[in-house]
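Before anything else, here is the set of structures, which you'll find just below.
Shared between the two complexes below is chain A, which has chain B as its partner in the first and chain C in the second.
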Partner chain A sequence: MLRVTQTRQAFRLSFLAVLAGPILLCSTASAEDASNIDPGAYIAVTSDCVACHTAPGGKPFAGGLAMKTPLGTMYSTNITPSKIYGIGEYSEADFSRAVRKGIRKDGSNLYPAMPYTAYSYMTDQDIHDLYLYFMKSVQPVERAPPKTALPFPMNIRSSMMFWNILFRNNTTYQPDPSHSAEWNRGAYLAQGPAHCGTCHTPRGFLMQEEASKAFGGGSLGSWYAPNITSDKISGIGNWSQDEIKTYLKSGHIDGLAQAAGGMGEAVEHSFQHLTDADLNALATYLASTQPVRDPADGNLSRFALGRPVSSADRVRGDQPIRSEDNPDISGAELFMGNCASCHNYKAQGSRDGYYPSLWHNSVTGASNPDNLIATILFGVDRHVAGAQAFMPGFGGKKTDAVQLNDQEITKLTKYVFDTYGRPQVSVSPAQVATIRQGGPKSPLLVLSRIGIAGGTIIIALGCFWLLRTFRK
Partner chain B sequence: MTSFRKELKINRRGLLLGMSALATAASFTQSPGLAASNGYIHEPDSIVQFMLVSKLLVPHELDPFVGHKIYNALSDSEEGFDNTVTALQNFIMKNAVVDVEHLMPALTDVALKNSALKIISAWYSGVVHGKSGDRVVAFEEALMFKVTNDVMTIPSYAKSAPNAWNATAVPLLNMPSF
Partner chain C sequence: MPSTLNSDVVIVGTGVVGCLIAEQALDAGLSVLMLEAGPRVSRDTIVENYRNLPPTLRNHWNAPYPPKPWAPHLETRTPTEAASYLDLTGPNAKAYEQGYVRYAGGATWHWAGICWRMTPDDLRLKSLYGVGRDWAFSYDVLEPYYARAEHAMGVCGPGDPALQWPPRTARSRPYPMRPIPFGPGEQRLTDVAATLGMQNLPAPQARNSGVSFDGRPPCCGNNNCFPVCPIAAKYDAATALPRIEAKGGRIITNAVAYRVETNAQKKVEAVHYYDPNRTSHSVSGKIFVLACNGIETPKLLLLSADDKNPRGVANSSDQVGRNMMDQPKLIADIEMSEPLWTGVGPVQSSSIMNTSQGDFRREYAGAMFRMENMARSTLGGLAALEKGLYGKALDQEIRRLSACTARLTVEHEPLPLPFNRLTLSDKKDWLGLNRPRIYYDVGDYVRRSAENYTVPLLKKLATALGATDIKISPEFLHSDHIMGGTIMGNDPSDSVVDADCRAHDHDNLFLPGGAAMTTGGSGNSTITMAALALKAADAIVGQLNHA
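Right after this comes the complex of A and B.
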């Protein structure tokens, strides 16, 4: 769970400059029907504040969740109304500035790990309700979470000012009169509080969301947030609105897709609590998004690949399956030894759908192997409507009962793609290692240091030249 | 009239049997690579013949791979197994037997009948009983599991979520087709 949470954050966090101690955001950890609670609590749920601002096993909104980002580890802040450690001294204007502009009360910048670029679309009314909720309904927690200390030069928070000039939105959501009220509500939720694009929109070189590929799929460290545009091949254009709604509500559709990683959390903490009207609005909006096609997908949708076949009697029968200590163990043997007891020998899953089939599955049909590797490494742990969807990890955590190494996960992943999904996908032990340690590091860190070093050398040379000229 | 119909029916079934035999034979000749890649480089004719006889003895979908394994195991454990299969095949042809229900009463040769029963037993149980011990030739594909596969799972495979084994049992309906 920790890993899962980390990854979503991870990617939010992958940005530049500066953030600080206690800042804001939202929601209840509880699971009551959000429609009956106060409007601020509902917005907090919609915005999924709790996902980042609560550490595993910690008090709600007390912060302290460690998020591995391409630029270093970041910690979420205490956003309870504690006057010392939280946001107790924030006025509504301070609160609004932090949530929508990414500037905390002391004037320093937040890192865009805090999705203020999305929250900037939120209406004044919603911000007002949210503020009241945090000040009146959230219990103050008098504890400071660990401080974020990114490596130089990313620790210079003021550099975020330039990033904000380039990439921050500065106006609240403007309804489009050519669309229905429902569509506009969906667009507002998706772009604003629910911040779908924070994960699902790919990032550019400076970690900004690439508007031309909105919802086209983005990498989040270990996990990959897939294409959710209306494209019929690469996106979810073939889903019915009911399917979108069911997925958001439950995180699971037989023979189609299951939510894990950050989406598992989003369903658990946020979407399952939304009203039917809001889920319908989101589905309406998502069905209308600009299609984005990934050429790697060819003409094959990730939702309909693969078929039930069995390797069971081929790896076993007269000969016992070999020990897992055997370095020559095959992907099929690893599958039979680790996956088949739940996903079944033809990967058809359990009859009731609790264990999903691995064919006709968005993860094994994808062109990007990240989610399959991450699922094997970190497992799934999603709590929806009082029931748990669980899969153990296979080596992503030291406490996992089965510890598969990078080589084994490579073989297993390739076997699953070849047998049940998209055989064109290639997988290497290096990819597995990268996902195991939380995703690729950003080149920005190295580049910025090179830039600084280069600048220093140029200045030094300049001084040297000046000195020589002066002496003459 | 009745006998005419019966005759027609038999002819049609015989035709279907012949067609399925041809199809099976064709599938073997077309996939020598599969057989070779799995290390089975047997005389294709004997396997084809074994599968044809099996098709009549066990009127279900039969996995050719499992067929190879049963054939190999029985060849090891039974003296002159190829001859036995040929004898069965000849008996079927000569008497124009259309299904296993007609075959068994007609099969008066005890040794031949026992061999036929062994073949059937192997397909259902996935085990061949040999002289030096029993050999497992199939587990998941053993046909005995298919009879209840609409409500039960094969042992060692999950039926549902952890601790969900006590969910209300589904009523048994018609036997699944397999």
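Right after this comes the complex of A and C.
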């Protein structure tokens, strides 16, 4: 039993790890405007298959995207119709079982980096269309991506069976007749193919989505997928449906929020290509979700905090001209030297909205500092409607032109929260270091190996005891 | 403690030339060690240095880069300060007040980012016009390296061949980014210049236009390229330093190279440097690259004179330190009755190039004309204050001077003249090293051009812009394009380096960059320096892989 428990824990933690990867590392491969293309292609865009199943600069759906997790590097698979390297030999039933049940044609389990728990809601018709699209419209790529080889014991795929027994949904979406067709369409998209809850719903003890807090906000890797319930303080209950729609379409609303990290990629690869009808349906559904309140938010919505304050007043006139960096540099000076040239000296952003204001901003008004830290470290790179929204990273990559250290990012983050957002938020260099390395490191490998070693010793002792007893 | 280090490739200097070669060598699997005389300072520190300067120093491009005592460079806040490092003599000493910085990242920290290629004719002055020298190779040889340099640095430029320079020549690759649009002042200049047959072209520039490049953001028009791009939208070599380190390169700062040591086989064995405690260290390697700019490179070679190399290292030809070039510049500060509105976009973003070519070059120099696109508010503010105005009248005058004034410049192509010479001054710097002494005379070729050609044309252009007052600088000024001091050529008896910037005298010593340039042309020198750097890098990698 000990072994089973340890393995199950291994999976709940590895789920966290592998979940973070694909969302953060999605490629920039773009999909065409989905409204004019065949229904299967549209489902593929809605489900955002391309994001994870395409390596940077690689052929669409040929896999090979490296997802660095605290447990090792995973690679997405080739899902082109190649008979040798892809899914060319899959029947529609095989395909359906892989997408909705997380089981490959050869019977082995997928890791839940593939969001099959959400895809399990997908209708037979959508699965059929998706299958036809992959088989008929996707170009086969005759190349194998690198194989995922997680270290022991994460390499035991079959242990996913236990997790599936507990948490996999086994029926397709069931329409709720008390709601409109539009609402049902939105609910289907959000819970099924668009898999919103995969990131936005917090996870329980065994890494299952906590149904009671659906869309209430969850951590993934370096980023935090915020509360998108209809709560007026913690969620997006004060957004108009037009705003929700505009946000999904563009990833940007002046004075409210801008998409980065996983959401930036979701807008880029998926939402911007959805039909207006589907975006309206999503907005309708999201406006009706069960509100979830985060006590940490008090009575302050993250969208309405802060005001324009000049940072120049705090730094001019008392500093010498330096020929080396000041180790005691203040947050205000870091802001002026690194941020103000684009976001402006009162953090008011630019008039055209390309550079957002840092007050009245979802990220600086949040109770959780992760997204501000992650944005400074990793920047923003969102391509929508042929235009790029870009902010450089400040040291998240070792190649970034400007490298801020953990102390500097701590001071800068705290200054921005204090001056332009939610002053109560605390930030530590350790938090910055954690986010820099991709989120909390899992102690799992050590734990599970200790557990397995412990189990092995118990079994060995048992055998020894039996042997002795037998000999007696 | 003195240390002894070793690397496949040892590069002295962390400017654009050194950094491009470092990356090429690292990509080829070679180990790289770089020495930088000055400190490594973060962008935010330099940006805040600039903003903390009093307005009177805002136009002193070196002011936000205070030098360390062991790595002095020219500062110009006072005449005494200006005389404290470069020891300049000759009729046009003022035209060699070169404003480079000895900081990690080098002078690209405060370059304009302008990337005019030289033309096929610029490389054949001797055979076409009987003046200057011919390069060791033709434009066709250089072209692929220009293209590689444009993609290495991220140069934006026009896709329309009619707007490309040089005209009527094939490009092997398009610019990686579209051009930056003209501001209102530049558009006006373009229209006015066209009436005089002068074509104002959108300048190719190492500045991200509308999109990111290499993880650096698009230009957002801070109009702050001099003295620092606050957001690294403009390429500068400092942006390459983290990438070099991520690839395994090692960078030692505050390390002042003072001697290049050769052995009996005429190979370079080591470079010696001082740290800030005046302790000497040495670095050995297989290939040595001196990329410390056109003044510091010849200075270091001359400083390295010993029994084996009595005239200095790489100097059997006696050409090290000779042929010092820059584009002698004249400026016209003009006032107009109508607003022109410079200041939208980068500080420089266009130039008139067709004035640099033609048969007249038998007699006098070609030249590039340009309007500075700096916002004029600081200058206008200072000038208005000097008039003793206050209140509403002051505000009005600042507005008027910001809108209705402009600076036109003309930069003349130089000839390589052996008497324009860098030698070792008997004056010493903080470390006890000889300071560079430079004799500079722009020469009759340039003077004739100014008299017969450029100054009359400059006045015509100013008048056509509606100038009511024109003040032309009384003497030639510097353009900060340091060229010629280790001149390239095929004949080892009258040149220092070969076509790959390899020293004729020492086959494991490379001297790439501006100093190798055989002629200067009228345009900014950096893109040619970068192309030569990549050509040298190919030779270095080839030489080490062959060995």
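Assume the second predicted complex is superposed on the first by the 413 of 472 C-alpha atoms of A that agree within 3 Å, B and C clash if a C-alpha of one lies under 4 Å from a C-alpha of the other, contacts with A are read in each partner's own complex, and residues count from 1 in each chain.
The rule is simple: contacts are C-beta pairs under 8 Å (C-beta built on N, C-alpha and C of every residue); 3 or more make two chains touch, one makes a residue touch a chain.
Remember, predicted model here, so these are calculated numbers, not experimental data.
Colleague: So, A:325: does it touch chain B (first), chain C (second), both, or neither?
Modeller: So A:325 only meets chain C here.
Colleague: May I ask you to decide whether A:183 touches chain B, chain C, both, or neither, giving the answer as first, second, both or neither?
Modeller: Neither partner.
Colleague: In the overlaid three-chain picture, which partner chain does A:391 touch, first (chain B) or second (chain C), both, or neither?
Modeller: second
Colleague: According to the stated criteria, A:316 is in contact with first (chain B), second (chain C), both, or neither; which is it?
Modeller: Both chain B and chain C are touched by A:316.
Colleague: Looking at chain A, does chain B or chain C touch a larger number of its residues?
Modeller: The partner making contact with more of chain A's residues is C.
Colleague: With both complexes overlaid on chain A, does A:352 touch chain B (first), chain C (second), both or neither?
Modeller: The answer is first: A:352 touches chain B but not chain C.
Colleague: With both complexes superposed on chain A, which partner does A:334 reach: first (chain B), second (chain C), both or neither?
Modeller: In the superposition, A:334 touches chain C alone.
Colleague: I'd like to know which partner A:399 touches here: chain B for first, chain C for second, both or neither.
Modeller: A:399 sits against chain C, while chain B stays out of touch.
Colleague: Common interface residues of chain A with chain B and chain C?
Modeller: Shared contact residues on chain A: 312, 316-317, 341-342, 350, 354-355, 388, 390.
Colleague: Per the contact definition, I'd like the list of chain B residues that touch chain A in the complex.
Modeller: These residues of chain B touch chain A: 38, 63, 65-66, 69, 73, 135-141, 153-154, 156-162, 164.
Colleague: Using the touch definition up top, name the residues of chain A that touch chain C in the complex.
Modeller: Those residues of chain A that touch chain C are 312, 315-317, 319-326, 329, 333-334, 336-338, 341-342, 350, 354-355, 379, 381, 388, 390-393, 397-403.
Colleague: Please output the residues of chain C touching chain A within their complex, sorted ascending.
Modeller: On the chain C side, the touching residues are 39, 41-45, 47-49, 51-53, 63-68, 210-212, 214-218, 220, 222, 224, 230-232, 238-239, 242-243, 245-246.
Colleague: Which residues, counting only chain A, touch chain B once they are in their complex?
Modeller: Contact set of chain A toward chain B: 310, 312-314, 316-318, 340-342, 344-346, 350-352, 354-355, 387-388, 390.
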